[in-house]
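Chain IDs A, B and C follow the sequence of writing; residue 1 opens each chain.
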Amino acid sequence: MIALEARALSKSFGGLRVSADVSLAVEAGERRLIIGPNGAGKTTLFNLITGELRPDSGSVHLLGRDITSVPSRRRAHLGLARTYQIITLFPRDTLLHNVMLALLGLSPLRWNPVVELASCSALRQRALDALARVGLEGSADQPLAETTYGERRRVEIAMALAQRPAVLLLDEPFAGLSIPERQQVLNLLLAIPRDTTIVMIEHDMDVALEFAERITLLHFGAVIVEGTRRDVVDDPRTREVYLGA
Amino acid sequence: MSQWVVLAVNSVSLGGLLFLLSAGFSLIFGLMRIPNLTHGSLFMLGAYVGVTGLRLGLDFWSAALLSGLAMAVLGGAMERLLLRRLQGQELPQVLLTLGLSFIVADLCLMEWTGDPISVSTPATLRGFVPVLGFVFPVYRLAIVLIAAAIAAALWLMLDRTRLGAMIRAGVDDPAIARVMGIPVSRLFTAVFCLGAGLAGFAGMLGAPILSVYPGLDGEMLPLALIVVILGGSGSLPGALVGSFVIGVLYNFGPALFPELAYVVLFLPMLLVLVLRPQGLFGRQTP
Amino acid sequence: MKPAALALAGVALLTLPYWIGGPYYVNIASQILIWAVFALGLNVLVGYGGLVSLGHAGLFGTAAYAAAWLVAAGAGQLAAATGAIGLTLLMSALFAVLALRATGIGFLMITLALGQILWGIAYRWISLTNGDNGINLSARPMPLGLSLASPAAFYFATLVIFALAVGMMACFVASPFGASLRGTRDQPRRMSALGYDVWLIRFLAVLFSGFWTGIAGLLFCYYDQFVSPHLLTLSSSAEVLLMVISGGSGTLLGPIAGAALVVAMKTIASAYIERWNLVLGAIFVAIIVLMPEGLVPGSRRLWRWALQRRGTPAEGVAR
């Protein structure tokens, strides 16, 4: 079953073609890695998939359903979650509150103006569980502003996982992390059960290659090579893209 | 019939004044992303300064130049001493200009009292001139010509000079402009001085028509705001078109819809907001 | 707020007419409460929504004028109140639809313009609003047959509404919807990705804000028994904004403190200094430059700094 599919996605800004006819199909439960030099259009592809950018042409399909015209805010409800290159969480709030916001996003409770949020014990417990999955339940009441970058990245992943997504998009999850922090996050990601399909953009090959099953290489907005880890690593075009013609 | 011609002439001359006022406002907004809520006050204060100049024996044009220069200096001081301290924080900067507008308004009241001051038309431009079977007041035509000349000069500056190129770059993309080595801070001061100076000059220029009185600032500021929302921030053609549209509405509105005149004034702006939020000629969404 | 301080404040407010020293001061207290409700309403947008409006006096005036007009036209007090709030909600919805086309500075400019339009209607549509002459109310309403003519009676009625307002605000702020609104203030893009409808959240916040602004306008109409275009000017919008930011947006106590400060200064200062606008502007500038987070958080910050210097462990990071 194909969990996520992009068909001939194209996007230009003025004369600049940032996505050129990109097609890709990710199987349910797969671990897909998207690589490519800077400016290859990787984050743009993610933005097209999540709906933050509208494609000039092409379509996006989630779990078999065409979501191209579904507004971005509805896609989370359909099972799509993502993390960002630059962590944009809520620094003034506690870790627990951050995760609770993620949980509320999919709950009708978010429209309730009278009940006290702090007393929603079921929600709190789910948030604590989500933090426990990334090893941060002890810091639940700490303001996010007082945590390390690595901890914030884990909170972000906790928030994405809390929404029980069918497809999880990770945009450079290892960027800015120290070596031990990378290992922590990698272990976390490897432990995610197969009912979540994962697509990751990453530059750090050491860690990413451990994680990936299939790899898609982008350059100048187009898919250059796609295949298993071995296929892509051995392909001469890969070397060309990274080392120049 | 002649009533409409009079209104038409008044529309065009008001349009000219509004252009001088709004061009500065638009450039400041486009470059610095702050609607300068002191702009109306600078118009009024400029007029008052000009009045004092006249009382000290200056001729009209020297007084008008004095108004422009004084406001340019004041604008520069505002920018360097106060606004720059809040660099990057748009909202506090806007609120600061709001606070300053109240201070200026009351200081004017203290210095020049509450009585409206009328300013006589400069001697060389009094009277009427016959054109195509109608008679037009010379002064109002002169305002249009002066506004057109300044518009041309501004356009040349923006299009042909380095300063203009830097301003346009700053309006298009301030972050990249900085990266490219454009001295954005000094540019801000320069543009603020220019905008303030134009406003002050316009204030004196308009004095023979509008008089000078407390509340003039509150009348002119919303007009500048409408022009810029309508025409698009940072756009000179937008300010030009917008000014004349508003000039027409301001004059014909009360004649055609006396009770809804003020609403009529704002309608095109509301339409633009709904249909094309970046303004007729604008590039960035507000 | 600590329960002891809250209880003390409650007692002080309940017994106010007896210790404040005369009907003149009771009236000032009523004014402070009315403006506190107005400031709390605006704070929903400014402090919790991150949307600064310079047109809220237009909504305040809409309620005041609607009530005055309906009463003058012979409507009963309930009809007048409902009509006024209903019209204000409609106007708030219109404000929202237009102003939410932009955020940040754009939102501010559009609300400024909308406030000006409403002022222009009050000023020029003379057949409807009586223009600069305003509309007079011959008497205050008599809810449940009780007279509100005396300053003390009106004060108590206002206190009840004020208490309700504070209670509802506290609920709102602690609720999931309140958290959603704050989220859209801090990270609108992230909130959308998490599944929130940011536009709708903001729209509803504008309605909630407009509701309390309307209540304040209604109260003022009955307090002063006179409405004029001056209620809808830019300087009125600026005044209430000053109340919010001087007290500290993003807190419940801040707008109340700000309202007390501004009303007290305006009333008492006007007796001695003629130039209220100058003082208003100067305070604005001073606060923005020196203590931008407002008096309430600013004082807390000073207090903690003072405690730290004396070697006492400071409290944890405040929200």
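Some points to look at:
The rule is short, and it goes like this: contacts are C-beta pairs under 8 Å (C-beta built on N, C-alpha and C of every residue); 3 or more make two chains touch, one makes a residue touch a chain.
Predicted model only: the values in this text are computed from it and were never measured.
When every chain is represented by the mean of its C-alpha atoms, the one lying closest to the mean of all protein C-alpha atoms is C.
Comparing the CA-atom centres of all chains against that of chain C, the greatest distance is found for A. Inter-chain contacts peak for the pair B-C, counting C-beta pairs in contact. Chain centres here are Cα averages; for chain B and chain C they lie 32 Å apart.
Note: centroid distance chain A to chain B, computed from Cα atoms, is 49 Å. A separation of 42 Å divides the Cα centre of chain A from that of chain C. The touching residues of chain A, counted against chain C in their complex, run 50, 52, 72-74, 76-77, 81-82, 84, 88-92, 97, 100-102, 104-106, 109-118, 120, 143, 145-146, 159, 163. Within the complex formed with chain B, the residues of chain C that make contact are 52, 54, 98, 101-102, 104-106, 108-110, 112-113, 116-117, 119-121, 123-128, 233-235, 238, 241, 245, 275-278, 280-285, 288-289, 292.
Against chain A, in their complex, chain C makes its touches with residues 171-172, 174-180, 183, 186-187, 189-198, 208, 317, 319.
The part of chain B that touches chain C in the complex is made up of residues 33-35, 82, 85-86, 89-92, 94-96, 98-107, 109-110, 218, 221-222, 225-226, 229, 258-263, 265-266, 269-270, 273-274, 277, 285-286.
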